[in-house]
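Chain IDs A, B, C and D follow the sequence of writing; residue 1 opens each chain.
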Amino acid sequence: MTVEYGDAVEQVRVRPGMTVGELVEELGRAGAYNAGALSSAADIYERMLRDEKAVRFFGLAGAMVPGGMGGIVADLIRRGHIDVLVSTGANLTHDIIEAIGCRHYHGSAAVSDVALREQEINRIHDIYLPNAAFVRFERFMQDVLSNLVEGSTVSICALLRLIGSRLDTGILAAAARAEIPVYCPAVQDSMLGLQYWLYSQTHRVVVDAFADMPGLLDRCFAAERTGALLVGGGVPKNYILQSMLMTGNGFDYAVQLTGDRPDLGGLSGATLDEARSWGKLTGEAQAVTVYGDATVTLPLLVAAVLERLASS
Amino acid sequence: MTVEYGDAVEQVRVRPGMTVGELVEELGRAGAYNAGALSSAADIYERMLRDEKAVRFFGLAGAMVPGGMGGIVADLIRRGHIDVLVSTGANLTHDIIEAIGCRHYHGSAAVSDVALREQEINRIHDIYLPNAAFVRFERFMQDVLSNLVEGSTVSICALLRLIGSRLDTGILAAAARAEIPVYCPAVQDSMLGLQYWLYSQTHRVVVDAFADMPGLLDRCFAAERTGALLVGGGVPKNYILQSMLMTGNGFDYAVQLTGDRPDLGGLSGATLDEARSWGKLTGEAQAVTVYGDATVTLPLLVAAVLERLASS
Amino acid sequence: MTVEYGDAVEQVRVRPGMTVGELVEELGRAGAYNAGALSSAADIYERMLRDEKAVRFFGLAGAMVPGGMGGIVADLIRRGHIDVLVSTGANLTHDIIEAIGCRHYHGSAAVSDVALREQEINRIHDIYLPNAAFVRFERFMQDVLSNLVEGSTVSICALLRLIGSRLDTGILAAAARAEIPVYCPAVQDSMLGLQYWLYSQTHRVVVDAFADMPGLLDRCFAAERTGALLVGGGVPKNYILQSMLMTGNGFDYAVQLTGDRPDLGGLSGATLDEARSWGKLTGEAQAVTVYGDATVTLPLLVAAVLERLASS
Amino acid sequence: MTVEYGDAVEQVRVRPGMTVGELVEELGRAGAYNAGALSSAADIYERMLRDEKAVRFFGLAGAMVPGGMGGIVADLIRRGHIDVLVSTGANLTHDIIEAIGCRHYHGSAAVSDVALREQEINRIHDIYLPNAAFVRFERFMQDVLSNLVEGSTVSICALLRLIGSRLDTGILAAAARAEIPVYCPAVQDSMLGLQYWLYSQTHRVVVDAFADMPGLLDRCFAAERTGALLVGGGVPKNYILQSMLMTGNGFDYAVQLTGDRPDLGGLSGATLDEARSWGKLTGEAQAVTVYGDATVTLPLLVAAVLERLASS
């Protein structure tokens, strides 16, 4: 067996005023480690967005909205680059919080959490969220939920669409406008879920855990090609990847931005090659993982790819 | 402000034939980094298990059952050390697979996943699971689900109890015997979920996503004290920690075994101190995080604590 | 104690064609996790480069030259932004290899290393270096070393200056042109070192391990202010930080780009706050750590800061 | 190509009072992720220690002595299980500090480093070292160095032997008693180095950076087989692995305990397979990496292997 190799590594040159796209080109000419992976991710994501036959999934895990990444997701929806969004409940909770006018704040991770508790500030690493936000969140949520028809059964996706239709900015609002589905299999596991529990103390509306699955799987069966941009692992990654399992056809494009690592065995850090063994990706799928903090790699990736799309 | 400090570091001595408990004692005398944290975890977990007033939660994320850690969880249930279990759907899927007589196998992470796919072997890092297991899993699951009453509504916990009652070994079987609840908020996100979808193609039974929450929250409101052993992050960690939020009382004991890191902002790697700011832990809660692979730290921790419990 | 907090998190917006500096501004407005840290790093590095009284150190660890980052380092030297460089021997070895006309190549980490060995290709994660490069390296190095005066004693820095003076491109060439010192305390620990051993089989020139220290420490004593950009940890980080210890004055500016983590105790992943306890940084020093792959964060940081310097 | 697979995963069972060796057996029967790797490491390290023809190297990086791991290294030397030790300067500095009667203390990583600085306490993650130790260290070191012959040239190894001969406990003392060489290529990069610099202000003794290399390489050329236990990466790992390069024969056994990760490209996190491409390991070498905190994995590994050696 002869091992083949590619282009020579070019030493990176950076210039004042270079665009993000130009920087990612430089990273690609260097082509090593996660810089090389990021450049490959841009190539694959560009092809995925240009492929009009491809259904584009987006998986959103990690504390991305408190970290300011919700703006990118909402923009991608508005630009028509996301066909199906799967999110954790927490990201949607924080999206609603911002959309109803509350804010997250720059703080510090080196702080007394007991002092924060006394001041009613919730911490997400170095981001602070005053408790007052949850008071407004409760008012908003109970108001929205009061629109549900007593005795009815709803799907999680319909519930999220209802919420989004009541908002003007953010991810859920953009998804409602664009009429794309937002799935959140573990919706109970979030402040959203706790609000629903509160509502259900005095009302009887059933949230059918599986009601969204037929629609999702129909979409998968119908898709000519499929692609996924996975930010973080968790439920969104697994739910997206497993959705193609039943069709017998894996994903054709996949980009994963994660801070996890494969040697621990968990799905969140698993390589996309591992997903090929399960048939979640096709054998020929274009796929790459970029290891690192998605608050750095996601903006880099998206800015570079939008630049490419705009310039052609 | 005067910074105080503790005992002097003792250089670790290991002896042939020493017990796991003795080793963890040595790690505690060294007291540094994750060895020190593991020793603190044993102290806290011991107190939590000895505290008869404490309700003990266990969070199970990561590919722990394929990695052989299911045996420890089932044993802890049998010994009465788990009162509430929250798991990912994947761990329960693999628990069922083992309980119906299929096996996972030692493999390698350095392998062609395309070749594995051709041989119908699914890979979980360096563990292999032949596809044939899913054929038997489907038969078992469809058989179990056929017992549901057409037109009824069930909770996820009841569904898992039903499954456990049909099994003789493993986590779900032990939980059913011990009559402890198993929660799995994102059950749709697993092979279990896909089986349910398959069943729901021809049957009409609603799985009420929120049906388990009142029982869980009642338990939390009634608890005098609460403790949690969190293996991995994800939904189980968040669902357990948020469960105490509504009561206004946080957890009193918490041990977290994780391979993640805090600087990425995500909940899976977040410190337990961060949880204090939210009120998920009390200000005085005894809590520690051990960073590392839980397939190493969980057996160490449990063996050491069982040794302490047995010797007194 | 009242915890204060800063600006509100702004959701990131990316635009096609935005510059790297604009992207880093956006990351700063989001301000979370490592994106926030990167933005702070740009602020600190900008101030450090604008401070004409500051001596600027650069620490170079990790396989940065094979990964294409040598071009950035050489450019920073040429622009006058590095006053003292401390490197691993490996980075300098690979710098020489590129400077004498050999190349590293894009490869794959998923490959048979035994097959690579048979083809005489050395692997650095996903980068390949054909063995032939070391043949040319040996010829070059033996030729350079033949200029040493038999029976003399040299310092490592002088040896590296001699090598740099024989090259036209790369880090050592730029450093020799700019007449800045390059320190490499563990020079024996590299192919450079093995070449010296080969030479020493038939020649007697002593490399005085400590000859560079007085010059370095004199520089530290004379400096009004000092700053450090640390890429990776290892010997370069420690050697730079300890250099200020003897002066009783710590560094005033420090930026660390590392993929390590603090909880393991090792210096490579240690926080820069820890360095304050030792007096390696002053209590008021401006300092930040960006966790992640430096092949991504270094180009981002340098491009953003050069843009700021150019625009004012 | 047919992928083969091994034994079935056994679910781990832990028992009160089980020995460390029994626990590692259980981890081996589970055989997954880093638990499986640790079990393989025990197999390989056992064979390496039983192989009387093998020269056994030990690489010591990371803050292992402050973390209490020095006791294990000294014991391994006393038991005759280390033939060549390569260490960072920091570990040897802290070994001397403990050997002259100073102590490290249990502290906290969540502390004000500015307050620590004011109290003259140096922090190593959650370990504290009062500055007073360095005062005694200076007195001891200057006293030892005063024995050097003015105008002479010494090797680093000889210098360390001299120090060890003046101590009663710890690594350097054990190495001096056992007459095994201790190499420390980057000795300048440590408090040891700063003490030497202080001494050299008024004395003229040259430390020949390369004087140790012929002895080391002769040992490598003469060895029938070689093995390495690598704790952490850095200079010790690279120096050990490169030492076999010139012989044309790689290592036959290698175990690596590291908290780093391969995707960043740096040597510290590189796989041992990568080392095969360079010829640092033979193609058939038995080798495994255990990812995690070495303060947990090193005691586990050594206790398990000593138990095996004692029981046969």
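By definition in this document, contacts are C-beta pairs under 8 Å (C-beta built on N, C-alpha and C of every residue); 3 or more make two chains touch, one makes a residue touch a chain.
The shown structure was predicted, so the numbers you read here are calculated from the model rather than taken from an experiment.
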- Query: Counting C-beta pairs in contact, which comes out ahead: B-C or B-D?
  - Reply: B-D
- Query: So which chain is farthest from subunit D, going by the mean of the CA atoms in each chain?
  - Reply: A
- Task: Find the geometric centre of each of subunit C and subunit D from their Cα atoms only, then give the gap between the two centres in Å, rounded to an integer.
- Result: 25
- Return the distance between the CA-based centres of subunit B and subunit C, expressed in whole Å. 42
- Quick one: report the Å distance separating subunit B from subunit D, using the average Cα coordinate of each chain. 34
- Got the subunit B residues that touch at least 2 other chains? 32-34, 63, 66-67, 110, 116, 121, 124-127, 261, 263-265, 273, 291, 293, 295
- Which subunit C residues qualify as touching subunit D in the complex? 61-63, 66-67, 90, 109, 113-114, 116-117, 121-127, 153, 156, 185-191, 193-194, 196-198, 200-201, 206-210, 212-214, 217, 232, 234-235, 238-239, 242, 245-246, 259-270, 273-279, 283, 293-295
- subunit B residues within the subunit D interface of the complex: 1-3, 5-21, 23, 26-27, 29-36, 38, 63, 65-72, 74-75, 98, 103-107, 110-112, 115-116, 119, 121, 124-128, 170, 273, 291-293, 295-297, 299-300, 302-303, 306-307, 309-311
- Item | Residues of subunit C that touch subunit B when the two form their complex | 32-34, 37, 110, 261, 263-265, 291
